[in-house]
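Next up is a structure, given as structure tokens.
Going by the order they are written in, the chains are A, B, C and D; count residues from 1 in each one.
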Amino acid sequence: MNITVTSTRESIQISLVQLDNYGPWTVTPSPRRETDLQALQARLYAALAEFVSTHDGYAFFDRFDNMIAVTDGMTVADHKRFQEQVRNQYPVTVSIGIGVGETPTNALGAASQALQAEGSAQDAERTERLATAGSVGDTPGLLTIAHFDVVDVTSEFTDRKDAGETSLTIQRATVSLASYLREEYDGVTRFVGGDNIIALCPSLDLEAFEAAREHVQATTGIDLQVGIGEGETPHEAGYRAKLALEECRETGQRIDRVGLRATIDR
Amino acid sequence: MNITVTSTRESIQISLVQLDNYGPWTVTPSPRRETDLQALQARLYAALAEFVSTHDGYAFFDRFDNMIAVTDGMTVADHKRFQEQVRNQYPVTVSIGIGVGETPTNALGAASQALQAEGSAQDAERTERLATAGSVGDTPGLLTIAHFDVVDVTSEFTDRKDAGETSLTIQRATVSLASYLREEYDGVTRFVGGDNIIALCPSLDLEAFEAAREHVQATTGIDLQVGIGEGETPHEAGYRAKLALEECRETGQRIDRVGLRATIDR
Amino acid sequence: MNITVTSTRESIQISLVQLDNYGPWTVTPSPRRETDLQALQARLYAALAEFVSTHDGYAFFDRFDNMIAVTDGMTVADHKRFQEQVRNQYPVTVSIGIGVGETPTNALGAASQALQAEGSAQDAERTERLATAGSVGDTPGLLTIAHFDVVDVTSEFTDRKDAGETSLTIQRATVSLASYLREEYDGVTRFVGGDNIIALCPSLDLEAFEAAREHVQATTGIDLQVGIGEGETPHEAGYRAKLALEECRETGQRIDRVGLRATIDR
Amino acid sequence: MNITVTSTRESIQISLVQLDNYGPWTVTPSPRRETDLQALQARLYAALAEFVSTHDGYAFFDRFDNMIAVTDGMTVADHKRFQEQVRNQYPVTVSIGIGVGETPTNALGAASQALQAEGSAQDAERTERLATAGSVGDTPGLLTIAHFDVVDVTSEFTDRKDAGETSLTIQRATVSLASYLREEYDGVTRFVGGDNIIALCPSLDLEAFEAAREHVQATTGIDLQVGIGEGETPHEAGYRAKLALEECRETGQRIDRVGLRATIDR
């Protein structure tokens, strides 16, 4: 196990992207076709993912009408550019709250409050707002990302169990893990496809991740493994987390961390 | 409450679309950028949603590397066309299991088994398989869709709570509801964005839906409302379910059903 | 040269898809960013291509704000579904003229007139119209597609000449060919990328295609080769045309035709 | 007419994005469905447009398998990121030549030669190359963009003429204009949809644009109007060109230029 002591990140910047008055729109003048909405939501999310990727960020679909992104280094002007792109290419618009906080939960909370102060998500007059909380674009230091997956998911679940059961199993593990990391460590944890769950974390000891694994095992019976990475950007930290998870897959250990000395292949 | 007695559907057709050997691809030759994967997965899901919309179907992102669609009336040739489209436009390919069953859970189970019989999801040799279980393209009768959402979600959650808490709340409700409907009634239940949860169900009494609501309330404290619709296609059933849910939103009742006599605005 | 005598197609169905009041929208309230418009237009075209592909049709980007598709076998209801999809996923709407004619030019002309009769393309009140001319959805018989490209384009142009010169060369060939086929044979001819030019044609003798080749050579100095295919759908005819063009590439002949006996690999 | 004397731009950076070995791929193992290729090409172009928009660039679809972008200020690392994105999301890869030159034609020529020196576009071994000519990322000074359209196109053409004739008319105007500006002034000129033609130009007197208009009128009978803008980025120059073209539409004048003092609404 590669334990590197790294400097703590002082802050993290998270953006909450909220579709303006979306619920009413989906049923006006009559309920819109569900598959059209699904495709629209998915493409908007893809657009957000690519927008933040220009600054090595990370994005989560969250609830689709509310999406989350780690946007360290991105300015208010960058976010306005995304609002412009959505306005020019989609039938909906977005408001954004940008929050900077000492922990992921603090940052997301700050983003939520900043946006809420602008008015209701279903206020037809509240469109294309951009609210900030904290020092946007100025978050030096290191970021920690933990990338979890389910041990032997393909052989134990995908190739063996009913797809409905597998899906529920992974949802249960996600909820258990996300609740635990949020309550214990101020982490923000999201499902990202397959059996992959990504957590934005403060700088934590490996014991914290082991405790999270044990919590999920105890509450749901699911055996997770986790790779942890640090970096100056979400992409760098996440890339190292993936390398660490690969190490777990190869060696059978359940936790691995890759520090700053690992080369990032960009 | 509009209680219409409708004929039971004898069967439902569900397709399980599985990316071939996707996990290994995402880390070959080195871990691929997460935002690129997120955008890829989202666009593939949008493509599936539009593919099934041509036959008034429904699609769920499920785990993204395994996606689910209700495909009544779609043939094996139709599904091969989707495989062709993916092969021609994406860096990955898909295998598909098509299952016909008396209940949604049976159909999804049959699709799972048919696909599993073709080999492992991570077998590099198992590509672009199309396996069927049951009488594909031949599912007469009516389909039931239940469309749930959280009562007063905007005023109680989105506009008030931290986005992280809201997200977890809805995930908990989804898991509770999906588990209950699966175990008690063979339903297949998926989150579709916002606070919306859609369940494919056998034909059920309203008491069953009330019991589901009460189960979620008891286990998570979340108050759901539900619109139920029947139709010859998922779109028709789902459209009526949305109308019924609109009725709940307007009247304050927690359950409403719209039967076949409601006009479908296409 | 494989000369197959085939029955003439009596009619062809062409749809003209026109963005409603698009020009004014692009500068309201101020000029929109050009790259956003380019991406929007390109994705709308991709959506049209996939829409008609469900019925083995063909699509051309034409002027992007006016797009053309061969839609034999597609009904008015199918086209309304495309209008619904655009309305639900894009910031613009589309009107459509569907024309059936004995020749491609007649069909496109009929589609144009049907749409023009609904009002001006820049009339803000004229939205989501669907006008037809002829017996939509009923075009039996065979369709002819000719697929042209430039002989040795890679070695003579792409790998050797300035990209600006190559691009102009192919544009000149396209205009020369399109003008000739339109005036002489009522063909509809469009550039489809690379050095590929596709013509929708009535049933013609090979001499007609040789005359077209010679016209382009004489007016622009560019040496084209052409594969010709017949089929019951644009996809089938176009697939055979591609096979025929492959034969030209391999044998050095300048014209080849693949008739109905060629197997279509779908 | 607003005549602003501006400093000449010393150089412009143009990137030529070429799909690797694309022609052979489209027919391997057998010809791929044309609509799938059309959708793929369109989406790749949309991706390029959005990639360069992050640095206020401009993109042209050119031949789709060869696309052009104005990329002043974008580094080699930025371009590598686009190659990564394509590799991760599409079934094809791209090579890129980046050229810096004193004029648009010089820059595109330099990009072409740099890419050609890497090997043939249809060499299966030449993949994901990135070749440069000139001082990439370092092009200070002002850029000129001229945005042309056809006078009264909607009332004279779209609403009156056959769509096939209108399309040919605009293609003829494009070829005439592009040839003239290339030969006389080293401009790079591309059709961008509707009746819009955009030219990248060196700094020119208004007489040059009037001569271009007259050339097109004399050779094709088509009456163009043109807005000219200067700016530090393609977006800024192009935005001013659009404002100038709006001025033409309102006043009836045929040429207008908007200089640096015009406010850019971003």
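We take it that a residue touches a chain if its C-beta (ideal position, glycine included) is under 8 Å from a C-beta of that chain, and two chains touch if they have at least 3 such contacts.
Since we're looking at a predicted model, the values are computed, not measured.
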Worksheet entry | Chain at maximum distance from subunit B, centres defined as averaged CA atoms | D
Worksheet item: How many angstrom lie between the CA centroids of subunit B and subunit C, rounded to a whole number?
Response: 37
Practice prompt. Provide the C-alpha centroid distance between subunit A and subunit C, rounded to the nearest whole angstrom.
Written response: 43
Fill in: For subunit C paired with subunit D, centre-to-centre distance based on mean C-alpha positions, whole Å
23
Worksheet item: Where in subunit A do residues touch two or more other chains at once?
Response: 33, 36-37, 39, 43, 50, 53, 84-85
Worksheet item: So what shape is it, when you link every pair of chains that touch: line, ring, star, complete or other?
Response: complete
Worksheet, complete the sentence: The answer for subunit C against subunit B in the complex is residues 50, 53-54, 77, 80-81, 84-85, 266
Worksheet item: Which part of subunit D faces subunit B closely enough to touch in the complex?
Response: 32-33, 36-37, 39-40, 43, 84-85, 87-91
Item to complete: Can you check the complex and tell me which residues of subunit C touch subunit D?
Response: 16, 18, 22-23, 27, 30-31, 33-39, 41-43, 45-46, 49-50, 52-53, 57-59, 61-66, 68, 105, 108-109, 111-113, 116, 120-122, 154-155, 158-164, 166-168, 170-172, 174-175, 178-179, 182, 188, 190, 192-195, 198, 235, 238-239, 242-243, 246, 265
